[in-house]
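Which chain is which? They are A, B, C and D, in the order written, and residues in each are numbered from 1.
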Amino acid sequence: MNELLEQLAICIERGKVNLQSPFPVDLKGQEGADELTKRAIENSIPAEVILNESLMVGMQKVGDKFEEGKAFIPDMLIAAKAMNAAMVHLKPFFESGEVELKGDFIIGTVAGDLHDIGKNIVRMVLTGGGWNVIDLGTDVKAEKFVATLKEYPNAFIGMSALLTTTMMQMEVTTKAIKEVSPATKVFVGGAPLSQEFSDRIGADGYFPDPNKFVKYLSQAI
Amino acid sequence: MKKFTKIAISNEEDLIMGKSLFPVTCGNNLTIGAGKVYPEINFTLPTMMITKETIPEVKKHYSEIMDNILNRSKILNIPGLVVEFEQLPPMTDVPEWGAEITELIKKELDKFYVETGIPNALRVTVLDLRDADHPPLLRTGIASEKTISGFELCAQAGADILSIESVGGKEVHDQALMYGDLHGIAASLGILSYRDMGWLWDNITSIAKKYGCITGGDTACGFSNTAMQLAGQGMLPNILAAIDRAASAPRSLAAFEHGAIGPSKDCAYEGPIIKAITGYPISMEGKSSCCAHFSPLGNIAAAAADLWSNESVQNIRLLSGTAPEAFMELLAYDCRLFNKAIESNNALELRNLMVESDVEHSVEALILEPNVVIEIAKAIVNKESGYEKTKAAIETAYNSIDVSLSNNKISLSNTEIEWMKKIEEEISAFSKTEEEAVEYLEMMYGTFFSSQAYGL
Amino acid sequence: MKKFTKIAISNEEDLIMGKSLFPVTCGNNLTIGAGKVYPEINFTLPTMMITKETIPEVKKHYSEIMDNILNRSKILNIPGLVVEFEQLPPMTDVPEWGAEITELIKKELDKFYVETGIPNALRVTVLDLRDADHPPLLRTGIASEKTISGFELCAQAGADILSIESVGGKEVHDQALMYGDLHGIAASLGILSYRDMGWLWDNITSIAKKYGCITGGDTACGFSNTAMQLAGQGMLPNILAAIDRAASAPRSLAAFEHGAIGPSKDCAYEGPIIKAITGYPISMEGKSSCCAHFSPLGNIAAAAADLWSNESVQNIRLLSGTAPEAFMELLAYDCRLFNKAIESNNALELRNLMVESDVEHSVEALILEPNVVIEIAKAIVNKESGYEKTKAAIETAYNSIDVSLSNNKISLSNTEIEWMKKIEEEISAFSKTEEEAVEYLEMMYGTFFSSQAYGL
Amino acid sequence: MNELLEQLAICIERGKVNLQSPFPVDLKGQEGADELTKRAIENSIPAEVILNESLMVGMQKVGDKFEEGKAFIPDMLIAAKAMNAAMVHLKPFFESGEVELKGDFIIGTVAGDLHDIGKNIVRMVLTGGGWNVIDLGTDVKAEKFVATLKEYPNAFIGMSALLTTTMMQMEVTTKAIKEVSPATKVFVGGAPLSQEFSDRIGADGYFPDPNKFVKYLSQAI
C-alpha cells in the first residue's frame, strides 16, 4: 500500500481529524484525515481506492480493537469523525453512485422510556456496519414506528426498552407493525429483556450484543 | 444558599459506617447516622404496563411487597428500616398515582411501627420527567410542573424523605461521555447540572418545609453510574468512569447547598465525598444491589454508609419467596454485621477490610478509598464556583490514580494507560473561566441544550 | 470404615473460614481449605419441563448460565471457583441426561481455566431417587440402581467432586418431626440414616476411586433444613430445629467415616461440626442463599466456611442481568472480604463479628457458635454407635441452649420455653439401647419404613 | 359449662390422650381425653354436647393458638390424637347421621415431585376444617387425579409442587381435569408458585397459606 494511504488509515483509526485537532497527543501538530485525503486526491489516487484501501481499513481496525477490548466507544466515535472529515472531500466523486448501503433500519426507544444510551450504541454500530439508520429517538409510540415504516417499507425495525414497565410497549408496537406489514422483521433489546420475552411478544429476535446483531443482520439479507 | 468552605470530616478514620456528624430523625422515630446502619429496601414492578386499568394490580404488587418485607424485617428483628418508593414514569406523569401508592406504603409502615416498635421511614423518589423535551426546558413547561407537583402530592401523602435522580445537564453529559470529552464532562456537570440542582433543590426544600419532610438528596446516577455501567461493559475506560465519579460530587453537593440534609440517595456512589464535606448521613448500595446492576464497588461502598440498600428488584418469585423479601434478608444480615462491628468497636477494622478488598481490583474503587475521598472533598471546598469545584475534583482524582499507578497499588491495561495520557492532556487544556467553558459547550453541544433552562 | 475418635480441631480459634487441616485439591488446580474461601455457585432451571423434547433447551440454559457466571468471575477477578451442578429428578432418572450436562459444564470450566488461569472445579450432586418407593427400598430396586448409575456416569463425564443429598431415614424422620417426637428423631437419624449413609457412601467412594473424583460429602438437608424451614414459618419450635441440627451431625459424619474427604455440601449447616471432627474443608451458605431459602444463620454460616455458596437460583432475568450472574457477583464480594481478612490476619475478628451478630437473635445460630460446635463435636467422637453419637449430640445441644438461657445470652418465647421442658423430659426417656430404639421405631412408624432397607 | 367438659376441652387442647400419656408434663398421671369422654357419657351428657361444647372447643383453641404463633404443628397433631381417642367413644352415637363433612377434597403432589411436607400440612388443616381429604401422596400423575375425581365427582382438587421443573405438570393436570369436568375447581400451592402462575395455567387459585385457603373454601361452598 501507498505510504500516504497507510498514514491516512492511521489517522482514521486513531481519530486524528485534522492538523488542529489536539488528539491523539503523539500526533499533535501533524496532518490529519482532512489534509491527507485532500493530498491523496491531488495525487490522483482514485476515490474508491482511498475509501476502500485506507478509510475503511482504518475503521475496520478500530472496530476490531473494540471487539478485542482494546478500544472504547469514544475511540470509535472519534474515528468516525475523522472518517467524516475525509468523506467531505470524497463525496463529489460518489455524486451519482454513492456507496451502497446494506439497507434501512428504523430504531427507537419505546413509548414511556427515555433510556437511550444502549439504543445509541446500537445505532452507531449499525451505521458503522453500513446501514442507513433512521433514529426516532426516545419515547416512540407505536404509530410513529408504523408511520416511519411507510416511508421505508423495506426497513428492519429495532426497539429498545430498559424499564420493566415499558417492555410491554414492545408487544403493542410489534403487533401494530405486523398488522400493517407482517413480513417486517422486528428486533428487540435492552437490559431486562430475554429471548423468551421476544418469543412471547411475537418479535423476531432479542440481541444483547450490538456487534453480534449486526453480523446476524448482514447474514439475514 | 449554604456554603461548605471546609470539610466536616477531615480525619479519614471518622469517615465510617453508621456515624455522621448530623444525624437525621424522621418517620416513625428513626434516627439515621447516629451509630447504626439500617437497611434501605427498594423494589419495583415486574414486567407490566401502568395504565388506569392496571392501577389496582399495581397497588396489589406494592401491598404484597410491603407485607413480605415487613414480615421478614420482623422475623430478623432488624433495628430500623427505610423503605424507598422509587417512582416509575407514569407515577409522576399522573402524580395522583404516585401519591396513592405513597399513602398505601406509609400506612403499612405506621401499622408496622405500632405492632413491632421498629423505627422506620419512607423515602419517596419522584421521577424527574424534565428530560422528555429536546432540549429539556427544566424550569418551565408541563414536565417541570408535573415533577414539582409530584413532590407536593407525595409530601402531602406521607413521604418522610424526599429524593430525586435529577437530570439537568445530562443531555450534554451523555454526549461528552460518549466522546470521552473530559472538558465537556467537567463543564456539563460543573456548570449546567450544578445550576439546575440549585434551582430544583430550592423548590424541593420549600415543599419539604411546608409538609415537614426531610430533604434526602440527589444522585449523579444518570451521570457517573451510566459511566460505570458503560465501563463495566468495556465501552468506556474505567479511569474515565472513576474520574466522572469525582466530577459529579460538586453537582450532588449542590442539593446540600440548597437545603438537603441527608440521607443522600443510595445510588449516589459519590456519597462518601458528600458525607466528608457536609457531615450528613448517606445511603449506599454495593454487593447487595447485584439484583439491580453490577459494579466494581461491592464492598467498599459500605465503608461510610448510614443506610445500606439493594437499589431495586422486581417483585418476582425466587425459590425462597419474592425477590424483595429475599433482598430484605440480605440487607438485614449485612447490617447486623456492620452494627455488631460498631457496637464492639471494630467498625474501623471492618471498614478497612471492605475498602482494601476492592481497591486492589478497581480504579473506580480507588476513588472511594477514605483518604482519596477526603482529598477530593478538600479540593472541592477550597473552590468557589461549581465549575472550579468540578475541575478540582477531577484533578485530584487524576492525581490519586497517577500516584497509585506509580506505587503499583493498582494496575491498568495498556489501553487504559493510553487514556491516562489523554486525560492529563485534556485537564491541562480546561477552560480557565466559566464563560469560556459555556462557550465551549455551545460550540460543541449547542443543539442539545438550551441556555435559558439553566438561567444562563 | 474410618473412625474419628478424637476431634481434629479442638481449639475454637482454629475453627475458621478458609482453613482446614486437610485441604483438598481437585479439578483445574483448585485447592480448597488452604487459606482462601472460594465461591461455590449454584443454579437451576426456570419454570419448565424436562423431557426428551426440551433437553436442547435445558442445555441452552446451562450454557447461558455458564457463560454469564464465568464472565462475571473474570471481571471480578476471583481467585478460584467451584460450580455445583445439582441435578433435578429427570436428570438422574435418565442418567445420560445428567452426564451430558456434566460434560457441557466441565468443558466450559476447562476452557475458562486455559483462558484465565483461574483454578476451578465442578461438583455434581446426583439426585437421590430412592425415596420414590413407599417404603423406600434404598439398597435394591430400580431407583437405587439409577441413583448409583447417576454417579458412575457423571464421574465418567467429568465431575470433579461427587455429592448427594441422601434421604435414608427421612421417611421416618419426617413423621417424627411433625409430631415433635424427639425420640423418633434421634432413632431415625442415629440408626436408620446413619446405616444408610454407610452403605451409600461405600458405593460412592468406590466409584470415585475408579474415576479419580473427590468424595465431597452429604447433607442433612431433608432433615434439619426441613426443620429449619418449618420453624421459620412458625410450624415447629426453633429449639426443636436447633436440636435437630445437632442430631443430624453424626449422620452426615457417616459419609466421612465411609470415604468422603470434603468439601462437604453447602446446605449441610452441620458442616462446622464435621469440620471440627474431621479437619476436612466444608462448603457453607448463609445470607448469600437468600434466593433459595430464608434462614436465621445468614452471617454465622460463614464462620468456618471454605467454600461460600448461594444454594440455588433459577436462570431468570433480574434488572442487572441473569440471577446466576448476580449471585456470582454477591459471592465474589463476600469471598473478597473473607480473604482480605485472612490475608491481613483479621479472620478471627471477622469470624467473631459474624458469629455474634446472629447468635443473639436465634437459638439455631447458637448451635453453630464455634465453642458449641466443638462441644458437640467432642460429645460425638466420644461415643461408639450412631445412635449413641446422636443422643450425645442432642444432649449437648440441649444443655448449651439451657445454659445460654440461664445466662440470658439468648431469650425465647414462652411457647418455646414450654417445649424446652418437653424436650428435657423426652431426653431422659430415650431408649438405652439401639435394639430398644428400633423397637420403638417399629411400633410408632412401622408402616413407613422397611427394616431390610437398612440391613436390620 | 360443666366442669368435666371444661377439663375435657383442656385435654384436647393440650393433647392429653389418656392416663398413660407422658405429655404434657404438668398433666402427667392425670386422666386424659379417653377417660374423660367415657365419664361424660356415663354422666349422660348428650354426644352432640360433648362434641360441640368440649371437643370442638379444645380443637378450636389450639387452632387459634397456632394462628397466633403460640402453638406448633405437633401441638395440633397431638390434639388431633386426643380428639381421635375421644371420638372412639362417641362414634356409636353418630351411627346413622354422622357428623356432616363439608365436602370432598382430593390432594396430591404432582408427577415428578416428592416434596410432601407442605401438602401434608394442607391436608391436616383441611381435615381439621371438616373436609374429607383424599390424599394421593406424591408423584401423582394427571390420570390419577382424573380417575379419583370420577370416584368423588363433587370434590375440589388441590395440587402441590416445589420444583420449577414440575410446576408445568400442574398445567398438564389442570387441563386433563378441566377436560373431563370443566366445573371442577382446581387449586395450586407450593413455594415457587404465584397467583400469576395459577392464572397462566388456568387453575382456580393459588394459596400460600393453608388456613386462609380453608377459610376461602368454606365461603366458596
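The definition used in the following text is that a contact is a pair of C-beta atoms (placed from the backbone, for glycine too) under 8 Å apart; a residue touches a chain by one contact, two chains touch by 3 or more.
Note that the structure is predicted; figures quoted are calculated from it, not measured.
A.B. asks: Please report how many Å separate the Cα centroid of chain A from that of chain C, as a whole number.
C.D. replies: Their C-alpha centroids are separated by 52 Å.
A.B. asks: Based only on mean CA positions, could you tell me how far chain C sits from chain D in angstrom?
C.D. replies: Computed value for the inter-centroid distance: 33 Å.
A.B. asks: Based only on mean CA positions, could you tell me how far chain A sits from chain D in angstrom?
C.D. replies: 65
A.B. asks: Give the residues of chain A touching no fewer than two other chains, as numbers and ranges.
C.D. replies: 164, 192, 197 - these are the residues of chain A that touch more than one other chain.
A.B. asks: Find every residue in chain C that makes contact with two or more other chains and list them.
C.D. replies: 44, 314, 319-321
A.B. asks: So how do the chains connect up here, line, ring, star, complete, or something else (other)?
C.D. replies: Chain contacts: none of line, ring, star or complete; other.
A.B. asks: Considering every pair of chains, which are in touch?
C.D. replies: Applying the touch rule to all chain pairs gives A-B, A-C, B-C, B-D, C-D.
A.B. asks: Please output the residues of chain D touching chain C within their complex, sorted ascending.
C.D. replies: 22-25, 69-75, 77-78, 112-114, 116-117, 120-121, 137, 139, 163-169, 192, 197
A.B. asks: Considering the complex alone, what residue numbers of chain C touch chain B?
C.D. replies: Residues 44, 72, 75-77, 232, 286-294, 296, 298-299, 312-314, 316, 318-321, 323, 325-327, 329-330, 332-334, 336-337, 339-341, 344, 346, 349-350, 353-354, 356-358, 361 of chain C touch chain B in their complex.
A.B. asks: Which part of chain A faces chain C closely enough to touch in the complex?
C.D. replies: 164, 191-194, 197
A.B. asks: Which stretch or stretches of chain B touch chain D in the complex?
C.D. replies: Going by the criterion above, the answer is residues 317, 319-321.
A.B. asks: Under the definition above, what is the set of chain C residues touching chain D in their complex?
C.D. replies: Touching chain D from chain C are residues 44-50, 88-90, 131-132, 134, 174, 178-181, 226, 230, 234-237, 314, 415, 419, 421-422, 425, 429.
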